[in-house]
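Per-chain numbering from 1; labels A, B, C and D assigned in written order.
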């Protein structure tokens, strides 16, 4: 399968997942519109959180694929596994909303997010190991940097899950820091992702 | 990220949002098909209103992106923020339908629409300020005209929201005037959007 | 707006509508899987009918757009109006299913389908009149033939709606004949749509 | 219709179907997030199964279309029939989940999957017979191999359905073997799909 085809299909799934999240938000609880709005405020918070996280996964997927030059059967199916985990995100999002983010919902949400990052790392491992599907000229340093970018959040998700029994809002804030780290200007990141940034400016 | 990729993803989200709106319409209220149809007439009205508004936002987004020549990380994330607000529109639409457009639902709807325009204006500010991502040759006059196009409706939405406690149907009619202003032939607009019109004729 | 962009957006909406139809089918009625399946058989019939009709509208839209060479603001908004009616189809489909196709549901369904054809005809009128957006070389005969193709079904839908109080299954069969007319080999059609057929073979 | 257009529309439908599957997963059963998660474990299993199967059908469709050089009206409508069966898959998936995979739900699921393969085979027959829409140079051996690839699973689905009254989990495992056969490294397959594998590496 041509890379562009696989990218277009993946982009389609990301776009659908990110848009389907709103279907969890329904008029419920009765009363005026404002009362119904307040009634579902936990769902509104997790809607925004999941939207930004799926957006981040889309950007990360796009950036990774930029360095992949060709695809094969294994890559195709690992990519479908990644899409399966991403397409699953609306369910733990709904759990979080339905239980006002109880402990175990945070765990299920955290495990889903961690799985997304782990499968993403596996995809990069598959493509970059022995430069199977990426440019032979890619530096070992850059390959390792991508691993760190994808595995770093798993640590954060782990801490957030460990913190859930103690302080649940803190868990969600910690999870929300992951996309913020990538979204906000960030000297640590800037220095290392010059090539990615160049791509994002449309120069790549 | 290449501009075309960002545009395709955004178009996907707009297409999904505009089509998902119908999911709020379900057979309810019992009786014959005609009775069920009458039972949800407020939902039918807001379906049409939201459909046209999302369509307008899609066209506006497309027109703005035409003048953007490259993208960067900040633009990418501001664009995702815009998509988040647009993808949220089905929820206040459902609130309007469920409460037969009560006062507070009109406020929530109006704030959502105003936010869409404000984030859209922010996107233009980010791209056009110091000609960061747009053509250096773009006239200051045109840049300002785009601001007016995006901020004008915020005023209308504000008046509609202020009018809600007095006459709710009037609020909705006022909101509906926004897309009509852009859809119907309009000498005020025609004179100023000659460049946009040229694009729409496929000459750009 | 470039024609290709408008086509891609429209195709997206058609693809989403045609796929969303399945969301009306849910396990209901209790008992075994087979009992639940039988319980919703009217919904299964209208699922297939609406799927084929939306498919037909997609093909018709695609064929019409082939002859349109450029677009303008009016065309863009008429096209959005067409998409609004098409995106609405899941609702009357659900009504048909929920009422086991009662008389008034058939009328609402028929009016929706007729509206789709009428707006489609309006789109062609807008584009073809005085050869505004189509090739100047298009024969008057061909332009008229497209009118007939789009208005013919309105007659059939009208007869089907008139027949509803007498024999409801007959109404549905009559509606189902519309797509069959275009799908099955058909000498009347073949002779006249040689240019369209040529396009469909990928020669255009 | 150009082949690329038909492919893009089909890819859109596949992407939407595969992502809609998650809508069957909702917080239900009450209690903590973890209890709700356990409550729907049969739905989680069939979610994964259907996701992989729709993914497989997408890949199979893509591979088949690679050898199709042009399209015609018959091909277009057979392809829409295939999409109708694929877009239907979420319903038998929901039945399986709602009945904890009772006997008759397995039958309905199995028949749907078998139908998908049979319509897919019909599509290949239509295109490849007398080399109507495929390259004249395609070997008879390869054409037959594609038949076997598409009809083989029908046998497995049949055995799985026959086994349902005896051991329902065994039926599901058997169905799950179908995608595994195509996903896992497989010497039987490798030898014969060299040309397809070459395409998947992006060489085609």
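Annotations
Quick note on the criterion: a residue touches a chain if its C-beta (ideal position, glycine included) is under 8 Å from a C-beta of that chain, and two chains touch if they have at least 3 such contacts.
Because the structure is predicted, anything quoted here is derived from the model rather than measured.
Path length between subunit B and subunit C in the touching-chain graph (shortest route): 1. With every chain reduced to the mean of its CA atoms, the largest distance from subunit A is reached by C. One inter-chain figure worth recording: subunit A and subunit B are separated by 27 Å, centre to centre, where each centre is the mean of the chain's CA atoms.
Centre-to-centre separation of subunit A and subunit C, using mean CA positions: 38 Å.
Looking at subunit C, residues 8, 12, 16, 20, 23 sit in touch with two or more other chains. Annotation, chain-chain contacts: A-B, A-D, B-C, C-D (touch as defined at the top).
Contact residues of subunit B toward subunit C in the complex are 8, 11-12, 14-16, 18-23, 25-27, 32-37, 47-48, 51-52, 55, 58-59, 62, 183, 197, 199-203. Across the complex, subunit D is touched by residues 1-3, 5, 8-9, 12-13, 16-17, 20, 23, 69-73, 76-77, 80, 83-84, 87-88, 90-91, 94-99, 102-108 of subunit A.
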